[in-house]
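Both complexes below contain chain A, partnered by chain B and then by chain C.
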Partner chain A sequence: MRRFWAVARVTFLECLRTRVVIVFLVLLAVCVLAMALTMEGDGTLKGRIQTFLAYSTLLTQLLLSVVTILLATGVVAGDIRHKYVLTVVSKPLPRWQYVLGRWVGIALLDAVLVGLAMGSIYGLSQYLRTRQTSVERKKLLGQLPPRAGDLDRLAVNSEIFTARAKKQAEPFDVGQQVEAKFQRLVEESRLDAVIGSRIKRELQSERIKSRSQAPVDVKEVERRLRDARTRERIVAAIKADLKKEAIEERQLVVPGEGLTLTFKGLQPPRGRKEPLQLRYRLHPMHTPESRTLKSFWNVFNPKTGRGRLPWNFKDDSAEAVSSFLFSPKAVSDDGELTVEYWNFPRPGFITPVKVKADEVNVLYRVGSFEGNVVRAGMLILLALMFLAAVAVLFAVFLSFPIACLGCMIVFAIAMMSGFIHDATKLNVYTQKEPTAMDYFSHGVTQVAFFFLPSLSESSPGTALVDGMNIPFRRVLRESLVMIQRPGDDSTGLWRKLGFQVRAGAGLRAWLCLGLGCLIFWRRELARVQV
Partner chain B sequence: MAGENDAVVRTFALTKVFRDFWLRERVTAIRELDLTIHAAEVYGLLGPNGSGKSTTLKMILGLMFPTRGRVTVFGKAPTDVKAKARIGFLPEETYLYPFLDAHETLDYYGRLFRQPRSERRRRIEMLLDMVGLTGAAYRRIGEYSKGMQRRIGMAQALINDPDLLILDEPTSGMDPLAARQFKDLIHELSRRGKTVLLSSHLLADMEDVCDRVGILYAGGLRAEGTLEELLSRRNLTQITTEQLDAATTDRIRRALSEANKQLVGIEAPKDKLESLFLRIVREARQRRERFAGAVDTGEVAEFLRARPDQTGAGVIEELLARPEEAQPPTEAPAAPAPLAPAGDVLQELLAQSEEPAPGESAPSQPTKPTPPAPAGETADRTVIDSLTQKDDREKPQDA
Partner chain C sequence: MWRDRLIQLALWGVVAAGLTAASLVGGRMRSRQKELGLLTRAADESIVKDPRIALLQIAPGGLRAPFLTYLWIRSQRMKDEGKLFDAKQLRDLICDQMPLYASVLGYHAWDMAWNISVQTHTPEERWMWVHNGITLLRDKGLFHNPKDIMLYRELAWIFFSKMGQYTDEMHMVYKSRWAAKMQRLLGAPPFTAETKQAIEAFRPIAEAPDDADALKADTDAAEFLQGLRQHGMKPEEASFLDKFLQYYNRFSPDTGVAEFQWDRKEPAPAERPIAELIRSSWNDAEQANKAGLAKVLAFVRRKILKQRYKMEPEWMLALMQKYGPLDWRQVNAHAIFWATIGLKRAQGLDVKDIQPINTGRILLGGLKSLTRTGYMYYTPNPRDPESPHIDWQPDWRFIEPTHQAYLAAGLLLVGDRQKLHADENPLAGGHITYLADAIMQLYLGGREADADHYYQELKDLFKPYGKIYERPVREFVIAQLREMGTPPADLARAFWQASLRNAYRALAGGNHAGYLSYHKFARQWYEVFSNDTGNQRRLRAPPFRDQEREFLGDLMLRPSKARLYVPLLAKVRLWGSLCQMKEKSSILRQLYPAIEGRLRHECERQKVDFEKAFPPPPGYVPKPAQQPQAARG
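Coming up: the complex of A and B.
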């Protein structure tokens, strides 16, 4: 393995001595510094630091990705083009070790660059934290009351320079309502009619697909209605729809009424007095001109009743994320918390408000900001290592400009994977039957996303901005394999299995390298003019 | 006579066809080539441009794959790491990283051979000294002249003290000093039992160092054998004497005429430009004139040198110590020396003509195995003549 380290060492040296690295480093340093000094955000200290963290992390990721692509394709394609590889490969160096050495060299350089960039971002954010805000300056001059700006600084400490876990409210338990609604259908003898109409709709849909003009055959409807399996399937679908309906009803809070949400499994660190945060979003049926809603929130320990907020009336923004802090005493020893929301009638304006359980979250500190920055750097590094592997793979058989272009396309697709995935879903924006083109684009993206990691999803910028903890197991999963619950976009197979396996960026990088080694092993490196 | 067992490189019906994008056959670069290179042999591959020399070398190195046929190096496939560990390769141009300096370059290649650090350092110092780049060891290779790059290229090819040295156009870009040193090095390596395979257009260089040559043309081996077998022209005799006066020359003409022999030519021999160049540079160095380029020590690296018990030690040093003696005088005397009396010159000359002419017998090393004679191969004389470009002296002249 000493041979492959020799290649990695030379690659590292080569990259350091290449002007590309210097140019990009200077550019990154200037941009990050300019951002720290000029960005204002929403005018608060919290907004300013959050804006800086969001844009500086994104810029770091973008610039380092471009550098990685340029360097990784450049060193391998350049070796082949300038024939340096002839001298190297004629030595007792297995070809796979050459490919691996090149990749490791680039990864080492990336580690150094990410370290420098994240170190700078951390240092500059700490510098911004210590700076006086305009509010604080006015307060010192006596132009503002003594406690002005304290909440802003508290929010900076408790919402940014931290690493918090997030827990969603327990979903509404609507089992009884669903059963009651279903029983009513049975009792009112409407079940067969509902099942029949669904079967008819299915048959109509099948005829449209097969471009048949014939009307739906009544006998076929009756035959399917008698079929036990079809009936069972349709009953399940009806119950699912009833569940949705019940949830819609439960999450709608009429004026003057309240809603209780429960949280389980909260694990804020014991012995700490740091406040927890409740974060939520309200959806009014009618939006007032002021776009604010009057609400009353209460949180308390369900076992002891402690931790109640005394008079927590709030003016919450409609359709926007709002939050407030509360005492850790409100969490019971076994990690339970009860939250009450009241739709408080406002003089002159009343409206029902929808509160979705999955949009009400409790956030609490589980780690340090420093640790989070380190793990964020590791996630960025993993994405860069994947790009380096793709670049090496392309460069072993393509020329520098073509390999570079290919990598840039891969990078762009991986960065926009969420958007592309949504855009190519079947029947997303229209309820029309999908065309052949829809199936084609859907198929292509499905295949592409099977091989590509979602760099936008794995980007740690959002987590840093919100002070959300990046668990180390996420880094591990990104470096190897992720096992997760099947999402809305998952295929039927994963849903049946109940879990979904996704290759992390690290594993995909190894796959790319393996393919690159295979191609390089069989490639004729010398070209002779005859 | 060397057998098949000591073959270092063998090719079996080696064929290389280059195809276009649509896999249509574009050109057959090598056609059914059977080549055997034996241990301790200096083998030269000759041929005009496009004859397939480089293709052959690159297939031997595993940088290209044969379309048909097979190559073995030390009995193994050319891509075998163990086989490659015994090979040194100097490509036709110096393909070395321009961002590394000479020291880093040799260190890198030493690492690829997994040499221990101390050994690497020792060899790097000796090789840099040998190729005269000690003073430029920490300058980046991108800043080197072409000749200096060839020198460092040669050093990297020798870092592992290879058993098989493959050199593609080794002296291209080298100054005569380096070329001379290179030839000495080949002799030294050959004395140590190393095998050298080289291809070159510089036929004089090949003539100086090769034990055996193969001549490629259009992808096929047209002639193969020792230089003695290929170059000797047994129908001519060359006599070298002191300068003769006109009367003696006439007597020789007459004597030859009486003996019914045709006179091909009589003329004064000229010095070689290489000798003149070497002498001038040596004199400048003795005056210690300042010089920024490669500085020759003329010393072969100790780890590449033959040990005293292995072969005649100090041969190279001896050669380098008396280069002028080895060459004929380059300057004409200020005044013509009195001509030697004719006397019995003719009888003496005629008596000597039966003996081999000086230089005809190639120096052979008693310790080296003699390569086998080409089996059933008849040299294609026209190809050899076109390649060796005989000068006018050798053309028959009217008496």
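Coming up: the complex of A and C.
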């Protein structure tokens, strides 16, 4: 193992001495500093800091990724091209240790660079935090009283320099409604008719798929109607549809009526005075010309009634995320919160509004900004380690320029993963049946992202900008693998299995390294000519 | 060897085929671009017009299209997620990449002014986003696409709908911020009942020269400029315009722009010579220096209007001549400007050719709004100069132009005056409603003759159905008010109380003529009310003087009781005007002791000199402080 570490150390020092690292470091430093001093965002202090965090982390990731690719491909491909590798492999050093050692050296260098970059970003963001908001400037000039509220400063402290978790509203409990509707079907003797019509629809769609012109067989319908398992399946489907209907009815708030949402399991730290944030999105049935909706919100502690505001009457943008801050006193000791929304009709604003429970979230602090920055750095490092592994893999059998090109393509695809997934989804944007090309592109995407990580999703910039907590669980997931319940974006296979395995960048890096070691082990580096 | 050569030849063949195909397709692409109007400017013209944008368009090279796609997706996604921190930068970058696509610029301006603004919750941020929309259209969109009518319409719509209407909870912020800008630039128009005077006050700006050389050719102006030059202000400098305007606003006795005299800061030592020059020119008995000052002022205002606000003073004057004394501090005036100037620039129309059909909703809507709110009362806010207090009253001078605009539009649609009432005229309903409102306004404002005139017009043009129209105008107005739910017994009270409110509101705003008109009307209706209820002791109102004194007391101490907001400086102006009215002396002498304490306290809070702001009324003798009684024995 000493030889392995020797390779790693030599790699680290060799890369450190190259001009590439120095040039990119200087470029990164200049760009990050320039961003901190020049970017204004949307004119508020909060916007300025958010712009800085977003673009500095993105630039850090981009520049360090390019550095990693150049260095990793350079050292390995360079060794092979210039035949330096012959002096190494002729030593009692297993080939896999050489490959791994090179990778570890690059990874260590990446760790140092990421540490420097994130440290600078943290320092500069704290510097920006000390800048004055417009309200503070006005207070200094005597244009506002000293006690005037400063929403900008409040937002900076409670929405950026924090680490918050998000809690969705409890789903609507429509069990009783569904049962009542189902019982009505039974009582009105309509259940058999409904089941029968569903069976007919199933048979019709089977005939369409098989391109049969024959009409639906009535006897088949009756046979299936008598079959207990089919009935059970269809009753479950009917209840699921009734549940969807009931939820839709609850979600739709007609003018003059209200909706109550509850939150459970909130854990705002005791003793803190930081406000919590309610985020939501309203979907009007008829969008007013001004594209704004008048809404009333009331947030209070269900046990004590504390935190009950005078009606919080505000303008909200239709179909876009809106938010407001509220007092932590509105959360009960056992972590419950009640939120009321009222659709108050006013001339020009009379429209039913849909409010989905899963789009109403409470954000509350669970950690510190410092910890978040550290975990963000770890996520960036994991991505760089993956790229280093891919670079080493390509470099063991390709020349430097080709290996670089290949790595850049992998990097670009991994960074655009979100866009590519959206672009190759089936049946999303059109009502037509997917064509062979749609299936092909979807299939290729699924296969590609089995091997490639989604760097755009794992990028921590968004979390830092929003003040959202990066849990350590996420870092672990990116390191190796995580087994969890299938999500909305999971394919049918995972849903059938009931669990999903998500491999992180770390695991994929190990796979690439394994493959690289295998290839390098079998590669003919020199030929004996007699 | 021969194999390698074969491969090379084959690849050369592929290259040649590719180049040939590209050249064949290239010609068709260019002609298609011309057909679709995508080639609007040659590259060298772009560079000359805006080198920065020309460079931005070239820099991404072949990746420009995917780069733009990425920017679009990111901008919309971030907006949907409520993340606005880089919204402006993204939109600026997109618009810089596509400056000749008017629909892109129009979309982003609308997006910022309507959608993004309501995701913010402070007045500063709201105003910033609405203003971003305006500047994107005005400074960038119209700069690159001066003939695109859609951009003018979008800009006019922001002024009319977003800023001018009342649906946005922060509409007053937009109105007051815009008024502050225009007040600093143009000052207040003269308070006068005559349209002609208001127009003549603006004429010097429209007729001012365009460049400094032409200004120097005028002897009066040259002499004044020489005076400025001696004190370090050179017209050639970039900062001259703003500096001169600032000094004029601070030091001149012009009541249209000046802050309250007692609240003015003394000029700094370096500013004293210029302050003295401006004051002495203003007060110049021989008028020559005063004329020079006026000409330089007009020149400065004209330059800023053209350079910064991209407006045309000649067109503004022509609009005032056609539509009435537009107060350019009002957002509706700007809505009318942008709605009409587009027709001139895009289609070469003259003001006289502008018909409401061209500009429809904005022009008629703007004029209607000005009828209701055309008289603006502006009270500066020393603590925040960007947020003055503004109030308004109806401006009857817009009734006739609005009526004529409706008539012109209707005649275009139906061709004959006799058919205006027919179903073919879709504007008939709006016109009738407008005239009915105007009649009520005029009547309640004491202008019975005008009200009667429009009442006759309404009946002649539209032949409305209903017995209400067979009655005289007085009964028509009363019937309209009854329809609003006001009981008959309270109508007179409603009239004189409302008129008294309007009278003192006008006086607080410095409109003496308006005060007289409303006050007379209030008096008349008080007498009607008193005559009607004279035999019912319990309904009898106290004497008018007492009512007035009580009302003034409320206005000074509890203006919310009169459903008004009167900032301290407006109270100062009101008090100053009242002290000059002899007939009010006794009321003021009775009132002063009651209001002195609270007003003194309010002045202390806002760091205002009470003695200067609220001097005792003429003839007031303060009561001696009561001495404690001596002990007996």
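What we mean here is this: the second predicted complex is superposed on the first by the 439 of 530 C-alpha atoms of A that agree within 3 Å, B and C clash if a C-alpha of one lies under 4 Å from a C-alpha of the other, contacts with A are read in each partner's own complex, and residues count from 1 in each chain.
Basically, contacts are C-beta pairs under 8 Å (C-beta built on N, C-alpha and C of every residue); 3 or more make two chains touch, one makes a residue touch a chain.
Model, not experiment: these values are computed from the prediction.
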| item | value |
| --- | --- |
| Superposed partners chain B and chain C on chain A - clash or fit | fit |
| Partner chain(s) touched by A:14 [first = chain B, second = chain C, both, neither] | first |
| Partner with the higher number of touched chain A residues, chain C or chain B | C |
| First, second, both or neither for A:51, with chain B first and chain C second | second |
| Contacts of A:315 with chain B and chain C, given as first, second, both or neither | second |
| Contacts of A:215 with chain B and chain C, given as first, second, both or neither | neither |
| Partner chain(s) touched by A:146 [first = chain B, second = chain C, both, neither] | neither |
| Which superposed partner A:498 touches (first chain B, second chain C, both, neither) | neither |
| Overlay on shared chain A, then closest C-alpha pair between chain B and chain C (Å) | 14 |
| Footprint overlap on chain A, where chain B in one structure and chain C in the other make contact | none |
| List of chain A residues in touch with chain C within their complex | 39, 41-44, 46-48, 50-51, 54-55, 134, 138, 142-144, 151-152, 279, 289-292, 313-317, 319-324, 348-349, 419, 465-466 |
| Chain A to chain B touching residues, read off their complex | 2-3, 5-7, 9-10, 13-14, 17-18, 82-95, 524-526, 528-530 |
| Contact set on chain B toward chain A in their complex | 18, 27, 29, 50, 52, 54-55, 58, 61-65, 79, 81-82, 84-85, 87, 89, 91, 93, 95-97, 99-100, 104, 108-109, 111-114, 153, 156 |
| Chain C residues touching chain A - in the complex, by the definition given at the top | 73, 79-89, 114-116, 118-119, 121-122, 124-125, 128-129, 161-162, 167-169, 383-384 |
